[in-house]
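As written, the chain order gives the labels A, B, C and D, with residue 1 at the start of each chain.
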């Protein structure tokens, strides 16, 4: 069995706002195996993006990790001083592909400057050596290496997204988090980026957490899928199992809401109501106010993740 | 906009504005300022603008405020105006004359005596100078051991034509009388044959060269209010009494006996008659080089400042918003042309041009002209922002939606665009008030303002002409500047709060 | 087949590029963005016509031309046989707007943030002078809100848009379009900014309203899957032109144009068994600028099948290859 | 529009503004000029006549006629007999060529208006560039610090300070400083600020302390606040997050990424703020008797030296317009995205 590069246990990250404590990430436990792509899906506001930054050890203020552990290659990073995190963990062990490539690049610096920065700060490389490496990675993502001398505004959206991907891979980190890397891109460019990531996954054996709200895209790339609802993982398992035999009503409904390109669907299903307020989530199962199969127990007790099948877990009282 | 909507939005605006502490403070201060501006004639006196131009000869010049006594070792006597009619003690008739008697108690508890005692405001029906009433004054000093006579004759039978002002300190007769009194008490020897009338005495004094010299250079106020006996009971020598350096005040109650004598057929009206103890300190904020009361000027300054500030801010913001919205709405060539003109105006250096115009208009720009000029050079910024805001709103999907619904231009502009600009307009009115006040102050300071208007800038101009800073007349420098700063601060507070309340974008940070 | 409710003929819209004062004075010829460059199609009553393409292909501009938010550079639009490009009087335009309405992409941006829901829905009534009294208008507004299932209406009419969820906002936007009882609705990416579940909800609602109220839709989208689900007809646009048009299902199952093929190949599907297969897209390069349109077939620089001397020279025509299925390509069936 | 062409456009625009300002100056001042020159000529003719009478006793010349002829000649010499617009045009042309003519009295020890201005100009530049540099440094330091911790004590202090100082007359604060530091505390000699004349460079630098302090005190709060606001906006950008995630040291993130990216708008805002504070600066020089252009203005106004005011207005306008162009240039130089002066958007 391959070993875990990332182990997350009982992770809680709350935002301490003036209106109350937002439980954006609430008691998450999962592992990421080497060379595996895990998809993380859910509606907007379910805490999936918050999770990405939390795993980097930099929850967005006013967020704080309240509890839990994050181990990257066996090393605990929760509680590490910021300085150590910055020098030894970020980009070195775990890097991130940001959404909205438009804003992920500083407009006043050249692509080369921004790509070589981590190499210079972490590895102490000389400028030339760093630039050389940056060019190699640009080639890897299918770009002309000469664009190191260009400014971000001179590149198209797809090119920028490729630069951001190359930048994330530059230090050969153990884990890469891709946070909605294809949103705001046109269909064809999106497909090209997905293709690129698939290729990189194959060639480099990337271990990646792929965050998106689009279940179709996730199916294209992830080996395992975690479905988040209101700050919690409600279902996690092998892609085939989650897609073809969804166990949680939420997952079932989400999948039924997707129109298919080559299938005729009479009626799309949808989930009535809205995701709950994370300051005061509903008691019991957080999905119960919207669940068609709601029972008394759902309103009172929170379900635990149960093994439905091999490597397939869901948190529902129906199981 | 329907009335209910307006009421509604005002209500919701008020409920969120109320939560802005700074904004509420600003609003309260603004209301206070408006009250002061309106009530200025009653708070001070209605003739302040007149006094501003001619000055006040009856008040001390460059006098600090009275309250500095609380902080200084030596106390200086404050300015006091005593209305004679309150101290009338009776009249009697004799030999075809009527004699009015007044008795005034003046408690003196300072180290420095008043600068002068001035009598003014006596009216009579006298037709010719010979009929004019005459006046005498005797001061009874508090008891001082070793002094024989406490009663000090100051002057007798001085004629008072209508409108006359008697300044005791510079009255030769008074000086002579004081010298005689000193002689009577044995401070020095003066040989006066008995029975010599008082005016002869001053003649005698003038004959003596030493005494004449003393008389012309002495300050009788010092003599009247000082001790003439030292701790050991010895009289001070004459020179020391007249010209000593450190204060040794004789504290206590001084009684002033004033008598006015007039032929019986002449009616004397003393209702306006005043005895002024000209102070070394003056009122709440002191005076400037023309004896003008700085407190009164300061209060009147609120009027002009608020007027200028609000008039300029409101007009220029209105012009700017109108210009900007027109420019944005017209688009194309008209927009281009309007923008170029805006840019052109915006690159004019306003202040040098104002100075230039100030000189052109004979060195003075009247208030209303100044307002006009400040508006002329003040609308560009607002217009630019209003234009870009209007353009931004114009590009919003909901404007497109309204157009798709069939909304007319009028409807789009007045129902969708203008209401969104109003908050900005209000906030920028508030924020541009201080700028206008500063401009007026600056021009006035350079002497190019309206000399007939009592403004804080004019006050500072007077201070500069008086060299107040290097002379240390801080009371002339501090208040006008603080007032400008206060008004500015009030409007900035309101402006910033308005911005926070009305501009949801800022709410985030 | 019945007469089309809407017919578009050779529709063109060029936007002049902004040029400097100096250039205009020197008489330099202006450049244009060829947003819509000769588009023809017909839409039949109570059907959904989907206009599909990537951003910048001119699909939104076409929609805006139809609702007369823009005036065409050239071409004709007929509604029920009447040419609407020539109407200019206020009354005629207002009458047209009662028949043709629009739903926008971003439900947050399409509602004035300072308007309460009541004001939002009252605006069309006031503009068109429907309902004499406030009570009458209120009645209509309640009915519209009930129709889009924002219930109970009295709970919502005095709210501001930001107090509603994304789905509710879009419902209100739909109610605003429907309150005038239009015959034709241009829906410009009405669900692309919504979450999956809400997307399904809105699509279902629009479908239901089509049946109930007999409206016809022009559905503008970049999403082939929703287009298949929702639309009866589909047209694919590329750089201002329709390159393929046909019944939605047929077009997806049997695409004729290389660009349509590329688009379809790019659509991700929730089928994880293909996750390790890299399917190469039959397309190269990036979308060229709409200012300098490539010669010949405008798709040729990106087409992997393009033939030199033909595709880069000759502009292909829209030809019916199957029944009702047209494509604009020299090489249909030859690649 | 290329940058070169944009710059040309700005230069042409500036030239037009300059021309109009000078024209306006001339239109106004030809009239004032007349009044002044008529007085001067009258007194000169009177003097000449007296001299003539002394040197030509008993010549029998009619005084009125002699003087009228002489007056006419002088009118001609000074061009008073020419049409109004022609003289406006001449004055405009001369002004544009920096030829401001001579003054009736000596100011700054010279009769030449141009000379007086050239003497004052470096002093003004010395004071204001120094003040600006100090203010920028302080503004950046404090602005960045408070942007890093919005809502902190420092941040709130800066905000309040900015509010207070924007509504404060700069020159009044100068008066206050003289009262405090010269009169009350006696740290600086009174005669340093009592007169314009300065004996040595050492004295000049000593004299500069208070005006410098004044300008910096009034300006730095507002600038820090501007910088804070721009920085807060920049710090919310994704690329800052990216830089942090990349493990770039915090100092580098703040100064290397955020401040560098904020630089273009900051530079424009700061230059415009500087231009806005010009009026205050002119008067501040008066308060401190600083031998610069502002003080010269004051003298010109009080002495009614018309051509000096014309010259000063011209030079001020020139400096003003040059600064605006500088703002555009800096913006374009700092922001690789903009090959066009986007400062006009600010």
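One rule holds for everything that comes next: contacts are C-beta pairs under 8 Å (C-beta built on N, C-alpha and C of every residue); 3 or more make two chains touch, one makes a residue touch a chain.
This is a predicted model, so every value here is computed, not measured.
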Look at the interfaces B-D and B-C and say which one is made up of more C-beta pairs in contact. B-D
Central chain, going by Cα centroids? D
Chain A to chain C: how many Å between their CA centres? 33
Distance in whole angstrom between the CA centres of chain A and chain B is 71
Under the definition above, what is the set of chain B residues touching chain D in their complex? 340, 343-344, 347-353, 355-360, 363, 388, 434, 438-439, 441-442, 445-448, 460, 463-464, 468-472, 474, 477-478, 480-481, 484-485, 487-489, 491-493, 496, 509
Sites on chain A touched by chain D in the complex: 53, 56, 58, 86-87, 89-92, 95-96, 98, 100, 103-109, 114, 117-118, 121-122, 151, 153, 167
Across the complex, what residues on chain C touch chain B? 21, 64, 67, 69, 90, 93-94, 97-98, 101-102, 104-106, 109-114, 119, 123-124, 127-128, 173, 176, 180
Using the touch definition up top, name the residues of chain D that touch chain B in the complex. 13-14, 16-17, 20-21, 24-25, 28-29, 31-32, 150, 163-164, 166-169, 171-173, 175-176, 178-179, 182-184, 190, 193-194, 232, 275, 278-280, 282-283, 286-287, 297-298, 301-302, 304, 306, 309, 312-313, 316-317, 320-321, 324, 344-345
What does chain B use to touch chain C in their complex? 5, 9, 336, 396-398, 400-408, 411, 415-416, 419-420, 504
